[in-house]
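Okay, structure first, notes after.
Residue numbering begins at 1 within each chain, and the chains themselves are lettered A, B, C and D in the order written.
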Amino acid sequence: MSAGLKLSDADERFRLRARAWLADNLAGEFADVVGTGGPGREHQAVRRRRQWERRLGASGWIGLGWPKRHGGQDASLLRQVVFHEEYARAGAPARLGHMSEQLVGPTLLTFGTAEQQARFLPGILRGEVLWCQGYSEPDAGSDLAGVRTSAVREGGHYVLSGQKIWTSLADIADWCFVLARTDPDQTRHRGLSYLLVPLDQPGIEIRPIRQITGTSEFNEVFFDGARTAVDNLVGAEGDGWRVAMGTLAFERGVATLGQQIGFERELNAIIATARATGAIDDPALHARIVDAWIGLRVMRYTALHTLSSAGTGPSGSEGSISKLQWANWHRNLGELAVDVTGAAGLVAGGASDELTEEQLLFLYTRADTIYGGTNEIQRNIVAERVLGMPR
Amino acid sequence: MRQYDRNEPPGLSEPTELSEPTEPSEPIERREMRRTVADFLDRHADIRTAMTNADGYDRELWRRGVDELGVSALLVPERCGGLGMSFADGAVLVAEFGRRLVPSPLLDTVVATAVLAACGTDEADWLLTEIATEGLSVAVAFAEPEAGWCADSLASRAASHSAGWTLRGAKEYVAHGATADLLLVPARTTEGELRLYVTRASDAGLRRTSRTALDHTRTLAEIEFTDAVAVRVDGSAGGADSVALLSGLMLTALAVESAAAARSCLSGIVTYLSVRQQFGRALGSFQALKHRCADLAVRVAGAEATAWYATESVGNGAQAATTPELAKVVCADALLRVAAESVQLHGGIGFTFDHDAHLFLKRGKANQLLFGSGQQLRTRVAEAAGLGT
Amino acid sequence: MSAGLKLSDADERFRLRARAWLADNLAGEFADVVGTGGPGREHQAVRRRRQWERRLGASGWIGLGWPKRHGGQDASLLRQVVFHEEYARAGAPARLGHMSEQLVGPTLLTFGTAEQQARFLPGILRGEVLWCQGYSEPDAGSDLAGVRTSAVREGGHYVLSGQKIWTSLADIADWCFVLARTDPDQTRHRGLSYLLVPLDQPGIEIRPIRQITGTSEFNEVFFDGARTAVDNLVGAEGDGWRVAMGTLAFERGVATLGQQIGFERELNAIIATARATGAIDDPALHARIVDAWIGLRVMRYTALHTLSSAGTGPSGSEGSISKLQWANWHRNLGELAVDVTGAAGLVAGGASDELTEEQLLFLYTRADTIYGGTNEIQRNIVAERVLGMPR
Amino acid sequence: MRQYDRNEPPGLSEPTELSEPTEPSEPIERREMRRTVADFLDRHADIRTAMTNADGYDRELWRRGVDELGVSALLVPERCGGLGMSFADGAVLVAEFGRRLVPSPLLDTVVATAVLAACGTDEADWLLTEIATEGLSVAVAFAEPEAGWCADSLASRAASHSAGWTLRGAKEYVAHGATADLLLVPARTTEGELRLYVTRASDAGLRRTSRTALDHTRTLAEIEFTDAVAVRVDGSAGGADSVALLSGLMLTALAVESAAAARSCLSGIVTYLSVRQQFGRALGSFQALKHRCADLAVRVAGAEATAWYATESVGNGAQAATTPELAKVVCADALLRVAAESVQLHGGIGFTFDHDAHLFLKRGKANQLLFGSGQQLRTRVAEAAGLGT
């Protein structure tokens, strides 16, 4: 999979530096975190992975692409991709700081005041402060404009009431960025504000949601009189929709090629299983394996194509195409995974009597086509904004 | 004549009322039975409690079913104190239990009693009498670690003794095998002949290990037989036929169950989409979702018809021998597809453990795998149809 | 395929009578029409097939299910199915009188006046008068309520202006049943009337439409001052929508099981080709062949299931499910057909240098998911009327 | 940095303007060329006339292309009087001709000149000079009745004589083979070595038979060689490499053409749906149709990227050897799928000969079959990837 990225000598040196650092650091003190976390296993080794975040931050690997004046490295898009690839290839643990670095950080860089930047960015860059996202609500689903959680100004604070859902990492995060309705007289996307809310306070209750995998990566967050200072408003009051949509746009970015390395590892494991069980000799399963292999290449070429046009092409639209592409591919991979195990897929595996990797993949990938914008929402976006079809 | 019926113009009529899924073709008595079973389950079946208790099903519900519906006596001939009903009648129960994913040894018991009734031996009749009167549950212990569900490759051994038979071998993926009262077991005589045996689950010569199943609503067990005392139930005419009947009925029952579950899962989608509001209107009014539901409806209609046909043609020599295989493939595939769409169309809530969407998904995947994979069964169907390469 | 229909002895005798009649009549004078007509080949042997219609009519095989008082046989649904099966099995030619017998005939039985029934039904039953359907218009597509062809009353006549399209058999038919707008002030489905119009008159021009197969089964029909007597109005003026929709409901009926016999013949031919080309050893093609075979069984079981519930179940709704089922199956069969021929599918076959049967099937079956209500319309109907989803 | 771009909220922005499909990543000069070619074809190409005339293409358009765009000289090295451009430049022409389904020997000529330029022999250079200066068209005569496009099985024979070479054998499915000026032919020496030869189409030792093709926009010929005079064009180093290059470039060119045709076919669907009114609104506003178009857009984006990658990596030994095979499969499948949806979504009009929808459908099916079926190429890809069974 390494083919395709055309690297300068300097970029190649950067790759080697990243590779060496990861090898060194994952071999020693942090050997136990290798391969932990990730879809279906977000509950693994959380304390150790928090420590790992600090290690990453201390060595300057967080905020690679951020401007130097804000503590970043001003690294090119290509180098960010390279780092993601090396990170995935090294089997480094799933990032707990993903939302901190990729969502709230960029939002603050774009919309935050100088004070907010000075206050919040360093903690993110050091890997010390973890953030989670408070957008979805039970009755709104994919329709973010249906947000009902209210934030009422009382003196120097906003007081929040309502419920968020699908908040991953809320149980371990320090702060939450919340989309709340500050103007009750406005409807839909008007009258919303983007607030930074500390989680460790009375008035906030966090309940894990048990998923179809049996594990809990998502939470419900209940606000009942929770407070945050007015200084923690990002953008203008009532301008939260614009800020939040900006955040969403940050979500899909350079991680794609790194993500594909994880996909390749999963596919290789499935192929190995198929050889072991003899499933690879089943024509239908073999055809699906080959299709998966080809599909992974097509995703890689699509990402490289997008990357090669970065800066000149339209932005955002590829995000939805890429999301549909990988989410469907991954979901199909989940079905393939359990199918190659044959009848053994009927029962949990091994002595621990826990679901097998293949069963977890089958179940967990069902979320891929739902979270981060459902397939249905993505198709709307592609049809209307990429193809320009009428509403 | 149907073709002379008047019809509303497409796209202009009011939506028709949603009614309970029924088999419009079935005799009135059977429809009555379906309603009785449905009422019974609506009142008494609690899937969540049943699937989480240690037994993996609700013993009280079983007992009640024995008393009120005669679930164990249904297919037992009247000569053995049973109700003497047909497999197609039993399929009504399988469908209604399946529609709600009720964890229960019902399916295996229905099939096992149908097979025992067909055996016609004194031993079988004697067991049937006990099943009917005592309300016993039966598990079908068919698959083996090496053979899977391929009857020709089964290797469990039955040895003849003065007192009867003893069994040796290992079986797996036995539904409710850890709790059933009796086990119906295909095994080979020392001459290599395939025969059907029944053992008591309490026999000291067998060990049952419950496995955590992907499908929470149907527990699976491994069973090791080490000289378990058994009764041979098939007649001298040929055990292979009995084993083929057992396999055919299990496949047909799984087809019936899958089709019924697919129908109720689809109904669940439609209900959710009709109620759930987003972007200021019911989700179900979005055309893209409607069209997907319509495609599912086509699939479910085909599955129901195939399950119906397989049930109707049970034991009818004129039918293709692999109708049960075909039916299981078509119906289990349909269920998995509907269930997958159910998770997707429910959005985040469909991904939670508390919502039932995943139970249908897991049942769908399990039913695809039980009694032979899609590819294995397709190969059998193709060969029987002369489509071999 | 003969399994599944449970016939009484009397019905079985009926089957044998039909079979014997077809064998006798197709072996002798009409031996040359065997296998003619049908999708992609509607232009074949038209003159001889008109004569065959008369032969059918003379022996009472047209209008089997019609009431005896109108010249029919009052045959049960089951017997109609049996006749369709035997007709297909005998390789009898595609019916030119389909629309006469299945569409306009039933419409007249339901909505026609006694005079209209007396005037038009006998010609249909004798196989002498052929009808075609004037519903679709260029700008309306599947939206029948968008009909613009106008019919203006002048004395004892209606005078028609406008254009119909997709009118199969218009080039050989004697009459056309036309949906026209008699009230120009009404829109959509109001103000339409159902008119019977003789085709042999000035003011009507018929132009064949060349299809993607290269042949022409459909026509455009231009009305420019064409006339028909007011007696030829079926139902009340302005009530044409209801009458026309009744006609559409007649279209899908007992022919299904007979149609499947034709499908089976096509599939068997494809399997034979696959054996000859070795395509059957290609795992992907073999899997598609098996899927097609299974799909045909499922269609058969679905038809039998529907049939077994006839009279008690809801009507109409199965029509859309069955249409989607067979149209998609048949379209897939068309792709399979050309794929099993391998590279030979690139060029026309044989000395005549005409498209092969497989190529024709590939091309023609594209129409299956369009005519008689597109897949999209059928899905709307299934979602709204079968599943009861909100509009 | 792209990830810092602002973004409109989903579902609230105005539709973006539809622009001509471009390769955003391509160098400015190449984009200029694309625009020039597009303008040229928009002005001069008449597909319907070209596909129905006896030649199966428009000789006048070819002549004009030679004069105004240098279509035959494009990839000819400057030392031979050509423009010395790369295969990726040639792919721009292939894409623009493909987008419009222009019947033309362009694709084969682009590939053949690229292969000849890579040969580096005097014979190849001499031919290249003639192709560039005379504006000759070249057809690639590869497939054989027994071997298909499997290079290892090719059986046409080249015999060495004092005056040069003569060819014997049969080729088929030669695009524009009946009208091309030159034929590029892989054949075997008497020692069984695979080599590349060029014959003049006017040679008395060959007979060309035009066949009615499924795809009206690309005529196909059968060619029988009976001692046709030929020139060997590949160097002593190894003809098999040249034949592999020829196969790889043909597959890549077919991928590029298919992806471009898929894109323009999709644009055609979107335009039609946006204009066409039914039930009182634009068809394109129906969500079910939007979602299908969105799925097609994902597919086309993947095909374009794959064709781009295959083109960029031509001759790059670091790439998987079967990238061209993979690209042809992905792109031809995408084209057929888009074209099939195009016929469907255009409704009745899409089923008429006068509408272009069927031309894309036929091109899609033909491109699936040309140079190896999907299954054949998938097998090659799988084996090269170590996915063999």
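In this section, a residue touches a chain if its C-beta (ideal position, glycine included) is under 8 Å from a C-beta of that chain, and two chains touch if they have at least 3 such contacts.
Heads up on the chains, UniProt names are A, B, C, D = Alkylation response protein AidB-like acyl-CoA dehydrogenase.
Predicted, not measured: the structure shown is a model, and the values here were computed from it.
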Relative to subunit B, chain with the most remote C-alpha centre: D
Contact-richer chain pair (by C-beta pairs counted) among A-B and B-C: B-C
Gap in Å, rounded to a whole number, between the CA centres of subunit C and subunit B: 40
Approximate Å spacing (C-alpha centroids) for the pair subunit B, subunit D: 53
Centre-of-Cα separation between subunit C and subunit A, whole angstrom: 54
Sites on subunit A at which at least two other chains make contact: 145, 283-284, 286-287, 376, 379
Touching two or more other chains - residues of subunit D: 11, 279, 286-288, 290-291, 378
Residues on subunit A engaged by subunit B in the complex (per definition of touch): 136, 138-143, 145-146, 165-166, 209-212, 214, 218, 282-285, 338-339, 342-343, 345-348, 353-355, 359, 362-363, 366-367, 369-371, 374-376, 379
Touching residues (chain side subunit D, partner subunit C) in the complex: 143, 148, 173, 211-215, 220, 276-279, 286, 288-289, 340, 343-344, 347-354, 357-358, 361-362, 365-366, 369-370, 373-375, 378
Subunit C-touching residues of subunit B, taken from the complex the two chains share: 1-13, 15-18, 23-25, 266, 270, 273-274, 282, 284-285, 287, 290-291, 293-295, 297-298, 301-306, 308-309, 313, 318-320, 326, 329-330, 378, 381-382, 385, 387, 389
Contact set on subunit A toward subunit D in their complex: 3-4, 65, 77, 102, 106, 109-110, 144-145, 189, 241-242, 245-246, 248-250, 253-254, 271, 280-281, 286-287, 289-290, 293-294, 297-299, 301-302, 304-306, 308-318, 321, 324-325, 373, 376-391
Touching residues on subunit C, where the partner in the complex is subunit A: 283-284, 286-287
